[in-house]
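Multiple structures follow.
Paired with chain B in one complex and with chain C in the other, chain A is shared by the two complexes that follow.
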Partner chain A sequence: MNHSIQSAGMARRNFLRLGAFVAATAMLPAKLLAAMVRPADAFTATGLDSTFAQIGGIPELHDGIIFSTPDIAENGAVVPVKVEIDGNKLPKVDKIYVMVEKNPNPLSAMFNVPAGTKPYVETRVKVAQTCNLYAVVDVDGKLYMAAKETKVTLGGCGG
Partner chain B sequence: MAGKIRIRAQQQGDYTEVKALMRHPMETGLRKDQAGEPIPAHFIEEVTVTHKGNVVMHAYWGAAVSANPFLGIQFEGGAPGDEVAVVWTDNKGETGEGTTKIR
Partner chain C sequence: MERREFNKMLALGLAAGLSLPTLTRGARAANFDYDVPRFGNVHLMHMTDAHAQLQPIFYREPQVNIGVHGARNRAPHLIGQALLDAYGLSAGTRESHAFTYLDFIESSQRFGKVGGFAHLSTLVKRVKANRPGAVLLDGGDLWQGSATSLWTNGQDMVDASKLLGIDVMTGHWEFTLGADRVQEIIENDLDGHIDFIAHNVKDFDFGDPVFASHTVKEINGVPVAIIGQAFPYTPIANPSYFTDGWTFGIQERELQLKIDEVRAAGAQVVVLLSHNGADTDIKLASRITGLDAIMGGHTHDAIPKAMEVKNPAGMTLVTNAGSNGKFLGVLDFDVRNGKIKDWSYKLLPVFADLLPADPDMSALIEKIRAPYQSRLSEVLATTDDLLYRRGNFNGSFDQLICDALIDELGADVSLSPGFRWGTSLLPGDEITMEDLMSQVAITYPSVTLSEMKGDFLKVILEDVADNLFNPDPYYQQGGDMVRVGGLDYAISPLAGAGQRISDMALSGKAIDPSRTYKVAGWASMQPAEGEPIWDVVARWLRDQGTIRAVPLKEPVIKGLSGNKGVA
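Let's look at the complex of A and B:
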C-alpha cells in the first residue's frame, strides 16, 4: 500500500520534472542542449576558490590561453577583456569563463562556444579593485586558466 | 525596456567578426541611490548570437559585465549578406534584440 502511494508520487514528480525540462529546453537550439543550464551557484559564489569549486575544480595554468586586459584601468566600471585561444596548444575549447578575483562574485561571464565558432570573446567587465583577472576555459571537462593583474585607479562599483 | 542592439558583422577572410553593443544598466543590486535606498539588481543574464538561425555563441552573464555591454566574437562559415542576430534576456525577463547582415 505504502509502496504504491510512494511510487505514484515519485512517478508524478518525475513527470513534472520532465515537463519542466521539456518546457525549458523546447525553445533552445538542439546543438547547445548539453550546456544550457545557467550555473547559478557559480555566479553567486563568493571568493575565487569557491567559484572554481562550482565550475569543477582548480584550473591548471596554460599558455595556450591568450588573455588581454589593461595593466592599469582608470575606470574599473569598464575594463575591456579579450580571451583568445591558440588552437594548436589548446584545441576544442567549449566554454570560456571570465573571473575577477576580488569582485563580490568573481564569475562575471560564461560563454558556450559551439563548434565552428572561434574560442574568442571580447567584452567589458567591472573590476571593484586592483586584483587578478582570470580567463578559464573548459576542454571536455578539464579546466585551464590564464591570470593577469589589472590595477584599478577608480573602483568598479559606481563609487 | 526592450533594448535595440547595435551590431556590426564583417567578413574577415575565413571568419566573420561580430561586434554588438547593447543598451542596459547592468545594475549589480549592491549600489545605493542618493537617498541611500538599494538599487535592485537588473542585468542581462543570457545572450545568444545566431547566424542564419544557428547559434554561434551563447553566454550567461552576471551583473559584473559593464553597463551597456559590449560583445565581440568570431565564427566561421559566414558569407556577406547572411543574417546575424543577437538576443538578450535579463533577470527581469526583459529582452532585447538586433539583427544585421554580414558585410
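Let's look at the complex of A and C:
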C-alpha cells in the first residue's frame, strides 16, 4: 500500500517535469509582465524595516492569515512555507509577500492574487539563520501579517 | 493465584536447597504486585524506546534532567527524591529503583536486571490474560541500539517484536536503517502483523503520505483510532540522507484534521502514538482537541502516572513509558455508549527476576545471538566504576568514549552525541563488546578529526544547548547535551540562544576564539570516511585493561537554584 503511494508521487513528479518544459517556453509574456509589477526596491531592501517601508508600511498582525513554516528547518536552503487565508476574516487579498527577517534581503517572494482567485500559496525559501518568517498580505493597500519563528540548527545529537 | 504459585515455587526452592542470595531475592517478590485487575473495556499496552535490548539490562535513570520555563519542576523534570515525593513513592523500594537513580549500585545488586524481551513477553501475556482484545503499541526506537540489531539490519528486532505481539508502531531510529530497508521490512515482515503508522512523514515535493497515518482497532466493540507521530526531527537529529525526499515535522494542524476525520468516521477513542518527547507531547496536548491520550516516547522519561493536560475542548492524558524494555504502560478506558466514563493507567517496571522468561521468546533470542556469540562476549576491560550514559550532561560511559577519542585520534577536544539510549554497568563488571555496542551501534559510526576555531566550538555547544533548553519544546530535539572530552565549560540553561555557554577552557587555559583546535567526534551528519567508533573505543579499552574511577567533564551549571531536575 505504501509502495503504491510512493509510485503515484513519482509518476506525478515526472509528469510535472515534462509540463515544466512546455510551460517555460509558453510563459515569456507572463515573465515580462512580472518584471513590470515586481517591486525591485522591496526585493533588494536590506533589513525588515526598510523592506516593510518599500511595500507601504508596518503591517498589523491578523489572525486571518494562516502561515505554516517548519519549527526547525530540515534544510535551511529549501524551507517549505505555506500561506492560507481564512476567507471569513479576510474576504479579499490582493498580494501575498513572504519575508525572512535575517536574510540579507528579507523579501523572498511576492504573489499577485487576481480578483476571484482563492489566495493560497506554497513555496520554498532560503533561511540563513534562526529568525522570524513573515507572511504579509495587501488588502486594498492595507497591510496585515502573521509571523512564525523557524530555527536553523547544525543538527545531530538527537535522542 | 500467580503469587500463590510463586510462593509454592519458593517453598520448593527451599526444599531443593537453593542458595541463600537467590532466596533473599525471591522473598522480595511480594514487594511488587504485577496483578493489575482489569478495568473498563478498552485496553492499550504501551512500550517505547526499547533500543533493541533483547536481554535484561541495567539502566540508570537521570541524575540531571533539567526542566526550564514551563517545564520547571514538573514531570518529567523531577529527579531522585523529588520524583519520589511527587508520586508518593518510598526510597529503597523497587519503584524507587525503577524510576530514579537513587542508590543505583546497591539497588541494582538487590533487585537485579530489568527488561529483557523474554521477561517483558511474560508480563505482556499476564496483562493480556485478563484484558481480552488488548492492543500492544510500540512508540519506536525499537530496531536500533544493540550489536545484533546493527549486524542483522534490524531483523532480530522485527522478529522479536512480532513474537512479542506488537500490534502497532511508529518510528525514529528505525529510519537510520535507510528508507528502502524500512519499506522492505514493512512490506515483507510487518504486513498483516504490525501496523507501521506515521501521519507526519510526507513526500517533500508533493506532500503525499509515506506511511499509513493511523489504524483503527475495534476493542470489545469500541472503535479505537491510533494515529502515529514519528519523531518530527528525524532528518535534523540524524543524517538526512537516510530519508532522502521525506519531510517530517510536528504538523499540528494536519494532526487536528486527522483527529477530526477519524472522529467523524466513528472512532470513540482517539490515541496518538507519539515519538515527540515528553515536553512536546505536553504542549501538543494543550493545543489539540479531540485526543483522549498521547502515549509518548523519545526522551526516555518514565513518568509513573498519566498527566491530565487541559485543552480548549477538554482534557488529554499524556503518558511516557521510559526506555530499554524497562517498563510496560497499561491504559484502560471505560467506554459506555460511545463516551469515555473513566480511565486507569499504570506504568509497570519489568523486573527480570520477578517475571520468568517466556520460553518461546528465550529460544528466539538464543537463536538470534548464536551466530554472534563469540564477538558479543569478547571482554575488552573491566570497570571499577559505575558506567552509565543518561543525564543532561556527561555520563561515565560517554566520558570513556570521549577520552578514547582524544587518545586514539590525538585530539585536543572530543565531542560525542547526547544520545539517551545506552545501558549501565556496575562496578566490577566486565565490559564486553556487546556492552560497548549498546552505546555506539549506529549506521553512521565513522570517527572524524577536524580543525576547528575556538569560536566555532562555542557555536556547536550553543546550538546543542538550545536544542535542549529552548523555552519552547517545539524547538527542542530531545537529545541531551553534547558530551565533551578535554573541555571544561559553564552553562546557564535559562539564558537566551547563543548566550548559555561561558568559561570554555582546556587544561585550565581559556579557549581562544581565533585559535584552531583539533576536535575528534563521531556520528557525523554528513557522509564521513573513518574508522567505526566501536573499533576505536574497543582498542582503547583493551589497552586500559581496568577502568578505575572516571572523572566526569561536567559543566558548571549556573542560575538554576531550586530546580528539581538537578540534585
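Here is the rule we go by: the second predicted complex is superposed on the first by the 117 of 159 C-alpha atoms of A that agree within 3 Å, B and C clash if a C-alpha of one lies under 4 Å from a C-alpha of the other, contacts with A are read in each partner's own complex, and residues count from 1 in each chain.
The rule is short, and it goes like this: contacts are C-beta pairs under 8 Å (C-beta built on N, C-alpha and C of every residue); 3 or more make two chains touch, one makes a residue touch a chain.
All values derive from a computational prediction rather than experimental measurement.
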When both partners are placed on the shared chain, which of chain B and chain C touches more of chain A: B
Which of chain B and chain C A:153 touches, first, second, both or neither: second
First (chain B), second (chain C), both or neither touched by A:79: first
Which superposed partner A:68 touches (first chain B, second chain C, both, neither): second
Which of chain B and chain C A:58 touches, first, second, both or neither: neither
First, second, both or neither for A:109, with chain B first and chain C second: first
Chain B and chain C contact sites that coincide on chain A, given as residue numbers: 80, 156-158
Touching residues on chain C, where the partner in the complex is chain A: 141, 172-173, 183, 186-187, 203-206, 208-212, 231-238, 240, 247-250, 253, 277, 298-299, 417-421, 459-460, 463-464, 466-467, 470, 474-475, 477-480, 482, 497, 523-525
Complex contact set, residues of chain A against chain B: 29, 31-32, 35-36, 38-39, 43, 77-80, 82, 100, 103-105, 107-114, 116-118, 120-126, 156-158
Partner chain C, residues of chain A touching it in the complex: 1-3, 5-6, 8-9, 12-13, 66, 68, 70-75, 80, 130, 149, 151, 153-159
Chain A partner contacts - residues on chain B that touch it in the complex: 15, 19, 28, 30-31, 45-46, 50, 54-67, 69-77
